[in-house]
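These notes are about the structure you will find just below.
Should a chain be cited, it is by its letter among A, B and C, assigned in written order, with residues numbered from 1 in that chain.
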Amino acid sequence: MLAYVVRRVLATIPVMLVVAFVVFSMLMLAPGDPAAVIAGDQATPQDVERIRQALGLDRPFFVQFADFLWRLVHLDLGTSIFTNLPVTHMIAQRIEPTLALMVLTIVLAVSVAVPLGVVAAWKAGSWIDRGVMLFAVFGFSVPVFVVGYLLAYFVALEWELLPVQGYTPLSQGFLPFLENLILPAIALGTVYIALIARITRATMLEVLAQDYIRTARAKGLGTRPILFLHALKNAAVPISTVVGIGIALLIGGAVVTESVFAIPGLGRLTVDAILRRDYPVIQGVVLLFSFVYVLINLLIDLLYTLFDPRIRY
Amino acid sequence: MTTSMADRLLEVEDLRTHFRTPDGVVRAVDGVSFHIAAGETLAVVGESGCGKSVTSMSILRLIPEPPGKVTGRIMFRGRDLLSLSEREMRQIRGNEISMIFQEPMTSLNPVLTVGRQIRETLKLHQGLDDRAAEARAIEMLDLVHIPEARRRVKEYPHQLSGGMRQRVMIAMALACNPKLLIADEPTTALDVTIQAQILDLMRELKAKVGAAILLITHDLGVVAEMAKRIVVMYAGRKVEEARANDLFRTPRHPYTRGLLGAVPKLGSSLASDAPSRLAEIPGIVPNLKKPIIGCAFASRCTEATELCRKVAPPIEAKAPGHFVACHHAAREAVAA
Amino acid sequence: MRRRDFLGATVAGAAALAAPAVHGQASAARVLRIVPQANLTSLDPIWTTATITRTHAYLVYDTLVGMDSSFQPRPQMAEGWTIEDDGKVYTFTLREGLRFHNGEAVTARDVVASIKRWWARDGFGQEIAKRHASLVALDDRRLRLTLQKPFALTLKALGKANASPCFVMPESVANTDPHTQITSAIGSGPYRFVREEWNPGSRVVYARFEGYVPRQEPTDWTAGAKLANAERMEWHIIPDPATAGAALQSGEVDFWEIPLHDLLPVLRRNRNIEVVVRDPIGSVGMLRFNHLVPPFDNPALRRALMLAVDQENYLRAVVGDDPGMYATSYSFWSRGSPMHTEEGSEPLRVKSLERARAALREAGYAGQRVVQLHASDFPTLAALSQVTADLLRRLEINLEFVATDWGTVVQRRASREPIERGGWNIFHTTWSGPDWFDPASTLAMRANGTGAWFGWPTSERMEALREQWFEAPNQAEQKRIATEIQREAFRVVPHIPLGHFLSPSAHRRNVTGVIKSPIVLFYNMGKSA
C-alpha cells in the first residue's frame, strides 16, 4: 500500500513535467502580449517594446522555458508580470475561497445526490424516481451561471435572505463564511448533484438486483440498512469514481461561479491572468490544478480499498 | 393423512403468485397447497420455471409487490403470513423462517465480513450486543465445520471457497434457531463432492436444531437423500404429492414418470458420474401468461386425451398420502 | 426577515458565531465600498497608462501642480511658484508639512526625481524634457526648472490629469528605471494603500492618511482640498456586471463607477440608488486605420469610408436609445476642450453609403482583403466594432473579421507586417475625453510614421503644426493651430472619430462628495450615517 502510494506520487512528476511543457508552449504560441496590455492604450509602440525587454519576454522560447523549469525545480513559480507579487503568494491568497467552495459543494452534492439516487433506485418507476431524473436532466442542461443568477435574484435580492456576492474568510466566523458560500455552492453543485444522483441510481438499480440483497431481506433486515449499508457500500466504487471525475467539472464550474458571485478564488485568478496574459500566474495555477487533480484521483483510488475489500494495491 | 392439523408448522393453501407485466399477467404460481409438519423435510421438485422458487419466495413475502401479487393463505404457527405487516414479517424472516439460496458465490455481501453478516441477524432478532453476537458467530462457524472460525469471521466472502460460503449461509440461516429452513437449490451450484458434504451438514444440523426444511430442488438425487415427502410442481401447479418412497416406486403422474426416467438408480446419483438432473421431456412448458385450459401438461403428455385438453384435472388422493392431478392416473383401492 | 438574521434563525443558538458580522455593521458607515471600472493589477502609474492605476494613484500620491475645472494649472503640493527670466526659470516652493505615508517629509529632491521619471515616459512631459536645461532641488522645500527657451505649457504639463500625471514619489522609488515597474505604493496623498489587504482581482483597500494636510481652497478637480472623508475605502472588484448591480441594490457596495448601460433603467428605479453623470465629457470612440499596409494605406480609401460613417449608429450601439447618454462630435478634439471645433468635418456629416461606394470605386478599391480586429470581451469595443463590420459588409468590402479578446488585439495591433503575415487594417478603441483634449494630450494625433501610435499615420504637416502649437503664446493662437491640424486630419484620416458617450456612475443615496470630473477621483467621497 505505502509502496503503491509512493509509486503513484512519483508517477505524477513526469505528468507534471508534460503539463508544464504543454502549458508553457501553449502560452508562448498563443496570441497576446502582456507588455502591450501593461502599457495600456496611451503608450507608444516603443514603450511596449521597452517593457517587453524589461520583462525578458523577447528572449528565445527555450531560454524562457529553461528559466521557468529551473525556477520550478526550486519550487519557485515566479512573480506576476503585473502585480509583481510572487505567484505563490497570489495563489495562497486565493486558495481558501476555492477550496471552501469546492469542499462545501462536494459535501452538499454528495449528501443530497446520494440519498436522492438511492431513493430513486429503490422506488424505481415511481413519481419520486421520475422527479429525481427530471431534476438530473435540469441539472445537466441549465448552465451554472443561470442557476447562479436565479438564486442571487430570488434568494438574495428579492427575499434578502443571503448576500448577493463576496466572500468572508472562515477566520471571521463560520456563519458569515457560510452565508456567502451557500448560494455559490448550490449553483455549482446543481450539475454535480445531477451527475452523482444519476450514477447512484443506475448503480443502485444494479446492486439491488443482486443475490446478496435478497439474502439481506431474507434475514429480516429493514429497508434502511439494506439500502444504505448492504447496497450502497457495493455501489460506492462507481459513485466515488464519478465524484472524482466530477471534480474536473467543478474546477471548470468554479471559474464561472466565482465570477458570478465575486468570490476571490483561483478560478477568477486564472481567468484574469489569461485575459491579461500574465504567464507566470497562468502557469502556476494550471500546474496546481493538474497536481490537485492527479492527487484527487490517487485519493479516490485509495478510497476504493475502504469500500471494497477485493481491491488491494 | 400422516400428520394432524395441530402438528402442521406451515400450511400453504391455494397460493397464487401472479406478476403483472407489460404483455400480460404471468401466473408463476397458480393455486398450490401443501403443508409441512414441525421437524419434517418436504421437497418441492420440478423443472426450472415451474414456480417452486417463487413459492418459497412467496412464503417469506420476498416477492416485490407490485408487480407481483400473492393471494391465498400461508399459515405459519397459527398466523397467516399474508396478513402480517411488513414490520411483523421482518421479525419472522431470518428468525423463525430462514432461507438459504442456490448461489453461495453471490448470496453473501462481498463488501462485508462474514462475521458482520452473521452478527447482523443475531443483533436484529436476538438483541445480542456486539461481543455476544461475535461469540455466537464464531460458535456458528464452528458448528458448520469451518476451521479457524475465529479468523474466518474477520474475512470477506471472496476469501472463502464456494462450499465454505454455503456453510456460512447455513450458519447464518440457523443462527437464530429457526423453526423452518427454506433451502432453495442449496447444492446446485457446488461440486459433486462438496454437495455431499453440504447435504451431510444439513442433515446433521437438522437433527441438532430440529428445524423443518422446505427443500426446493430439481435434483432428485438430493431429494432421495433428504426428504420424506415430495411435492412435484409443473407450470405453477402441484401435479403430484407423495411420500418419497411411494413417489419413486410408483410415480403416478406422467410428468413425474418423465422426470424419473433419467435417474439411473435410487440413491446412487451422488456417487456416480451419471446425470442426476431431471430428465429431458420433449415439448415446451406452456406460456404462463395465458390462462391454461385443461391439464397444463397435456401438450407434452403422450397419454393426453380430449378430456385432458378441456378440463383441468383436480388433485385427488389416488393412494394413501398420494395425491395426483391426472385424469388417467390409476386409483388404488384406497383404504381410507 | 433581514439577511443577517436568516442563518442565525436557522441555526439555533448560533448568535455568538454571528458576532463578527455585527461588529462589521457598526463600522460600515465609515467604510466606503466602491466597484471600480477594472481590476487594479499594477501599482505604477508611470509604468502603465491603465486608467485604474491612475485612479489608484490619485488616492495615494499627490501632484506638485493640480488642474481645476477650467483646465487651468493650480498649485497643489506647491505652495506657489515664480516664473522668471521671460518664462525660462520656474521656481516651486513646497507646502509645509507634506509627509509620505512612511512618515518621512517630502523634499524637493523627491519631486525632482519624480518629474524626471515621469518625463522619460509621458509624451507631454517629454516636451518639457527636450526644452529643459536643468532641474534641481535648491533646498528641502524649493526646486528650480530652467528651460532653454520659454515653454508656455510647462505648468499645464506638470498638472496634467489624463494618461500619466506627474505623481510625486519618494526619491529612492522615483529613481527606478521608467520601464521597470515599481513595487512600492508610498505616496503623500490623502489615502494610504493597505498592502496586506490587497488581493489583485478582488480587493483593494485604502485607509485615511492621518498625516495628510489638505489645502484650504475648496476641492476643484485635482486642485484645492483633497479630503479623506471615508475612514476606509474598499474597492470590490466584481467582474460580472449583473452581480455588481445586484450588490449595489442590496447595499453590499456603495458606489459603482461604470455600470453596464443595459442595467441603468433597473438601477434608476431603485429608490436607494442615484445614477449620476460623474464625467460630463464622457468617452470617445475611435475607428483606427493601419496606414502602413494596403488597402487603407491609401488616404482616398480612408476618406471614402468616412463618408459612410454615421456616429449615431455607433453611439446607440454602445449606450442604447437614451439620447441623454451620447452626443455626436464631428471633431478630432474632445467636447469640453477649448480646442473643440467642427471645422472641416463635412465628410463626417455625409453619412451616405452611396457616396461612400462611389468614392471607394473612384479611389481604386478592387476587392482587396481587409482585416478588422475585434475584441469581444469589452462590450463597448465590441459594439463599435460590430457597427463597422456591418458597414464594411454593406459597402461590399472583402472583410476578414477577426473576433478575439483584447489581450490578442493589443498584441496584433503592434504588428506592422502586411495582412498576409499577421497584420491588420482596422481596430476600435475608446479614450476618455481628456485624452483628446489638445495636441499635447492626444497621442493618437501624432503623425510621425513608425514613431506614432498604433496605425502609424504619416503627415509632416500635422507634425509641423503640432510643434507650432506648443510654441503658441496664447489660447486663441492654440485654437487656430488646432483647427488647422483638424483640417489636415480630415484629409489624412489617422482615424475616424465616432462621437461621445457618457458612462454614468451609480451609488447609494447616502454617498456624499462625488467629484464631477472627467478624471476619476475617489477622494472626498464619504457616507452620511
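Here, contacts are C-beta pairs under 8 Å (C-beta built on N, C-alpha and C of every residue); 3 or more make two chains touch, one makes a residue touch a chain.
Here the structure is a predicted model, which means the values were calculated and not measured.
Participant: Taking the touch definition from the top, what connected groups remain once chain A is excluded?
Facilitator: Without chain A, and with every other chain where it sits, the touching chains cluster as B | C.
Participant: Averaging each chain's C-alpha atoms to get its centre, pick out the one most distant from chain A.
Facilitator: Farthest by centroid: B.
Participant: Would you kindly tell me how far, in whole Å, the mean C-alpha position of chain C lies from that of chain A?
Facilitator: 38
Participant: So, what's the distance in Å between the C-alpha centres of chain C and chain B?
Facilitator: Averaging C-alpha atoms per chain gives centres 90 Å apart.
Participant: Using mean CA coordinates as chain centres, what's the chain A-chain B distance in Å?
Facilitator: 54
Participant: Taking the touch rule as given, give the residues of chain C at its contact with chain A in the complex, in rising order.
Facilitator: Residues of chain C touching chain A: 1-3, 6-8, 11, 14, 17-21, 39, 41-43, 47-51, 121, 123, 162-164, 177, 179-181, 183, 199-203, 236-240, 242-244, 246-247, 249-250, 252, 377, 404-408, 410-414, 429, 431, 435, 443, 450-454.
Participant: Note which residues of chain A are touching chain B in the complex, please.
Facilitator: Answer in residue numbers: 210-212, 214-222, 225, 229-230, 233-234, 236, 307-310.
Participant: State the interface residues of chain B toward chain A in the complex, per the touch definition above.
Facilitator: Residues of chain B touching chain A: 60, 62, 90-95, 98-99, 101, 103, 106-113, 120-121, 124-125, 156, 158, 169, 172.
Participant: State the interface residues of chain A toward chain C in the complex, per the touch definition above.
Facilitator: Spelled out, the residues of chain A in touch with chain C are 31-34, 36-48, 50-51, 53-54, 80, 82-85, 90, 93-94, 149, 152-153, 156-157, 160-166, 172-176, 178-179, 259-262, 264, 268-269, 271-272, 274-278.
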